[in-house]
Amino acid sequence: MKEYKLGIIMNGVTGRMGTNQHLIRSICAIREQGGIQVSPDEVITVDPILTGRNENKLKALAERTGVSRWTTNIEKALADTDNQIFFDASSTLHRSRFVEMAAKAGKAVYCEKPTAVTTEEALRLAKLCEDAGVKNGAVQDKLWLPGIRKLKTLINQGFFGEILSVRGEFGYWVFTGHDEDQPAQRPSWNYRKEDGGGIMIDMLCHWRYLVDNVFGPIKSISCRGATHIGERIDEQGNPYKCTADDACYATMELENGILCQFNSSWTVRVRRDDLFVMQVDGSKGSAVVNLRGCQTQGIGVTPKPVWNPDIEQPINFYEGWSEMPDATTYDNAFKIQWELFLRHVALDEPFPYDLRSGAKGVELAEVGIQSWGERKWIDL
Amino acid sequence: MKEYKLGIIMNGVTGRMGTNQHLIRSICAIREQGGIQVSPDEVITVDPILTGRNENKLKALAERTGVSRWTTNIEKALADTDNQIFFDASSTLHRSRFVEMAAKAGKAVYCEKPTAVTTEEALRLAKLCEDAGVKNGAVQDKLWLPGIRKLKTLINQGFFGEILSVRGEFGYWVFTGHDEDQPAQRPSWNYRKEDGGGIMIDMLCHWRYLVDNVFGPIKSISCRGATHIGERIDEQGNPYKCTADDACYATMELENGILCQFNSSWTVRVRRDDLFVMQVDGSKGSAVVNLRGCQTQGIGVTPKPVWNPDIEQPINFYEGWSEMPDATTYDNAFKIQWELFLRHVALDEPFPYDLRSGAKGVELAEVGIQSWGERKWIDL
Amino acid sequence: MKEYKLGIIMNGVTGRMGTNQHLIRSICAIREQGGIQVSPDEVITVDPILTGRNENKLKALAERTGVSRWTTNIEKALADTDNQIFFDASSTLHRSRFVEMAAKAGKAVYCEKPTAVTTEEALRLAKLCEDAGVKNGAVQDKLWLPGIRKLKTLINQGFFGEILSVRGEFGYWVFTGHDEDQPAQRPSWNYRKEDGGGIMIDMLCHWRYLVDNVFGPIKSISCRGATHIGERIDEQGNPYKCTADDACYATMELENGILCQFNSSWTVRVRRDDLFVMQVDGSKGSAVVNLRGCQTQGIGVTPKPVWNPDIEQPINFYEGWSEMPDATTYDNAFKIQWELFLRHVALDEPFPYDLRSGAKGVELAEVGIQSWGERKWIDL
Amino acid sequence: MKEYKLGIIMNGVTGRMGTNQHLIRSICAIREQGGIQVSPDEVITVDPILTGRNENKLKALAERTGVSRWTTNIEKALADTDNQIFFDASSTLHRSRFVEMAAKAGKAVYCEKPTAVTTEEALRLAKLCEDAGVKNGAVQDKLWLPGIRKLKTLINQGFFGEILSVRGEFGYWVFTGHDEDQPAQRPSWNYRKEDGGGIMIDMLCHWRYLVDNVFGPIKSISCRGATHIGERIDEQGNPYKCTADDACYATMELENGILCQFNSSWTVRVRRDDLFVMQVDGSKGSAVVNLRGCQTQGIGVTPKPVWNPDIEQPINFYEGWSEMPDATTYDNAFKIQWELFLRHVALDEPFPYDLRSGAKGVELAEVGIQSWGERKWIDL
């Protein structure tokens, strides 16, 4: 049995996403399953080392997850040739420095999104890795959500005929913290521009790779942000002024003519199938996708409603839809992308989700903000 | 008992809306209920006369509805001083001529929407009536839909706290007619620009009075139309090219800062409570309104969801909402407005839904189309 | 208004099908709706005359249905030039004579199925009408059943991908009459070969036009008949020997490679959606059609079952199907074909359901019986 | 307590069926229940030894199931006189060699089905065991499915009166693998003739013992196979040509005159009670059997339907049936047959399911394929 043993520097994974999705559900899960069996005779195994600034946090996390290696000395970790991969889940504002160090050290680089706060910087990091000849990637996890995978199956099967339009609704109510017993469920920096906050920079990155990969390249965007709620309570119980957008209304036109509309908001209450739903309407059928499921309605079973406000609507519009059953096993979306990246590093398999592709997400956010300011459509 | 007997010329009501909503469910219903009892001693009664071009249709409709008076000679009907009101439900393209004749004859004028195809013309008609000193009005029926009335009750009660955003979805799948046994359920002219078709001119009129009256004056709009389906089958079974927009994605900013987004489409399949739903989110609560009902969720019962695609969503997001019960009797929306207009004519009660207000609807449609063309926000 | 007034000799319609489907639900219904409006200025009207042997029955039926004309003198009816159409619903064994008379008299000829008991005779009647230059047709009503129309819509929409196989089940339990309070619900001649009985001659006619028109031309057939029940009780309460087949198991191969299997039986009990169901399986989806409805399951929502007899089946296999809603008005199937035939006669519109096409049904029955006897597949 | 301790060589049970049904749910289950108590003073106990070619797989399976004995040296296992029984679940193509060795070694022989790929070979193996004087048997598990046992109860109770006809539907949709997220749920060799695939060889074996044992000896068969789907994706993700039949339409006549029709298909979607249902119609009642349940309808409760496509079918044809309750404990079907075979070996109790009976299944498959090729009925 040939073993590809990959040492992985996991930087800044003490946050919620870093710990749960990247460390526990991805790397630790791969370790527990005995690595990735890539052929009857070959296996890729992982050996993580946790890095960061806070020694106590690192130690606690290492103990909790059974990871034996951790250090606050990132230079030393980078100098160790057993570590071939550098993964960064630290704050976006610190990303550049870490990526530069890792590329210089010849490590393969894998980053959380957004990879930077400006397109220029995001592209600079991509080029830096390319020039250094190191493999690189950016997290684009939503592509492997079960609901999105089901949608892609429908597209491959020609279910939609011609796709006409796409409407996505993401969001939920983030409590402001004014009521003691309804504390805010997101950190306060999200709502401060000066700290890298804002829903546009957060979500438009996702919509970019989602739309580009599933429906086609985006041509132009019209975007309206808003700060619907002006004051929130921070982690210390103090009110602060919200300077970042908490809602974003984006309409996009694709090169193939499909129109996409994505609303993102932390100031809505949810009356739909899930926190994120996306309706795709086509000439032959429609689907409403959520995180794990996908409801479908073909043209043959499409009802013919009558507009008559004088009577109760006789049609139950939730009933004419069929849910796609689970036809395969749906592994954690982050883990799937990790496995693809590890195969890319070990076996040189293709991996299109690189830093250049990640920069496109930053670009959409940047252009979206510009569109808001200039109050017009902007071509990408 | 003092009787205000109003003769009403009903012009062009042989179409579906004119017959069902204005004649049968409004005027005939008022007649059957013995008129409008405006005080213990006073009643307004109605005496309709049907006018139009097709003698056979008029006669058949008169017989069917028990209306004794009908004529193809509109001049004669206008000359009759017993007829104080002229109502027009003919095609928009012929409206001007009729309104001019009626105003000249000193009749109170009441019109279906859109009152004209250009703002200039709509304003001219309004001014013409004002100069002639005749009372006038435009149909704005959706204001009296039970769902909208319930919403206004919530607003009056301060349920929402500060209203932050409004999102409306109108539409359903209009069959193209390509399949013989799924015939189109709307007339073909709706899909031809040259015949006055298009969903923008149709629906933006509604959104204007709805938003203005319920949420506040619209300040500016960004609008994107689309002709998602390029070919349909007409009434004779022949394919025709669709030249009018069949979908409209509009974002509006109100003077009070509320953001409103209204999608209208004849090319979507429906997975929501009804053909039209409108979600209103406020700092203290949210509501999802449909034609007849209204679902509410106050801040106290707002759930705190967790984003975890690895498990089935544990919250059923349809369950945390409470439906407003019917607390009154909801008469037909058209009839309610008719009664207000008849009281306006007979008793001089206020009636803000005049032709000048109707012209605002045309304006929004016109500016919306302009926004689409110029790809930018436009102030009203 | 131009009126095409068609006098129609209705011969032998005192039986159940003749009275209910052809006279009452077709011709009388057309009369009551004011004829067939074929254009704004043209209408086809019908004037039936009932003919037959039993004066009392004719008179009673005429009175019951408000038909003013009836006679036992068929020659006289044929001599009347106001009668342009001769329709025959008499016994198959007498059909030839009537068709000959009608063709000789220059009438358009329309017949119930089977048009004859042998292919030779059926083709002779077709040729006889063709040589006489009279328009002609055979009843093929099941093509206009709502369920079949829905199926055709699905086929037109490409729902199935490639159609692989078709399985039809027709039948129900026809009581033998041995129990006094469970009397037979079909006439005894159906079960006697010598009286023209047998389920093969009855049903294979239907399967022929159904398969040919919906799926494609039949290439060959393997057929097994059976007389499962050997003795029944006749109308006089006497037992009689069943000499005709009461069940038929037919497998057919179409020229396009589709395999069709149709079971027909008067000796089965029904555990399915309706008396007739037909399952169509295709690469992209399946449908189960019954008389009025159609259940569909696309490939995207197809479940992946596990064979495990040790536990209760966890999947409810009736739930993963979506029913097609009624998207149009479904008129009586016989009446629809009548209207097509009347338009054929009055306006010369095409009518492919002629006696030659009807003879194909007789051919399939004949070849089916031959296949049974020779115990092998036979090509048509 | 007298103990009959039977050493059992289990050859080739690392596959899904061998592991789950024969090893875990049969032999291990018997071991866990303390053997088979055949009288108050006598017990049969089992001591399995796993044999096969792959040492790793054998070892892992042995550990997983707590079986202490395993070896790749089958000769040695056969030489051990403590092993009285040889069970073979290896591939059909290797069966002969193993059976020969076992018979020569004087072991009782028990085999999975099909016992061979030709009748000649299957009969040779039967004769070989008979000549060697060793007890022998073939797996015929479906006879002990709860649904089939319930059916046999009905037959014994005379529920059906005279049985007239039997119609069985087996099958479900086996995904082709063209869509990544709808992977094939059966191994690819099933669809390649050259690898022993095909649904006829698989399922006709089952139908033979089922029909012979439950309804009576089969006299003749007419059979049509088909390869409805021409291309599938294999375990390595590569497309391959399907050379084996994936559907089989068989009609059989029994010596007692009953007609049986069994469809088997991997290319149908399921709208029935279970993956396998079998309807039995008799003069006094009908039953629809599935894997575990059995629905019954006696003649007294048989409805009398009316054929009227103009209205919705007023009868719900699923409702007039009564389900047989579980009146006993239904042990695993494989285990039941194992216990019968073990008693046969230890106590010389009768066991009619011998290799000669197993050869009959191969015969039916062989004759069925011949019938398909010659396009005619063939007598057995």
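Structure notes:
Should a chain be cited, it is by its letter among A, B, C and D, assigned in written order, with residues numbered from 1 in that chain.
The rule is simple: a contact is a pair of C-beta atoms (placed from the backbone, for glycine too) under 8 Å apart; a residue touches a chain by one contact, two chains touch by 3 or more.
This structure is a prediction, so every number in the text was calculated from the model and none was measured.
Among the other chains, B has the CA centre that is most remote from the centre of chain D. Here the CA centre of chain A is 42 Å from the CA centre of chain B. Separation between the centroids of chain A and chain C, computed from CA atoms only, is 59 Å.
Note: centroid distance chain B to chain C, computed from Cα atoms, is 49 Å. Centroids of chain B and chain D (each the mean of its C-alpha atoms) stand 67 Å apart. Residues of chain B in contact with two or more other chains: 175, 179, 182.
An unclassified topology is adopted by the chain contact network, corresponding to no line, ring, star or complete arrangement. Annotation, chain-chain contacts: A-B, A-C, A-D, B-C, C-D (touch as defined at the top). Across the complex, chain B is touched by residues 149-150, 152-153, 156-157, 327-328 of chain C.
By the touch criterion given at the top, residues 150, 153-154, 157-159, 284-285, 294, 296-304, 320-327 of chain C touch chain A in their complex. Interface of chain D with chain C (complex): residues 25, 145-146, 164-165, 167, 172-173, 175, 179, 182, 185, 222, 224, 226, 228-229, 247, 249, 251, 253, 259, 261, 263, 265, 267-275, 279, 281, 283, 285-286, 288, 290-292, 295, 297, 299, 302-305, 307, 309-310, 312-313, 317-318, 321, 332-333, 375-377. Those residues of chain D that touch chain A in the complex are listed here as 175, 179-183.
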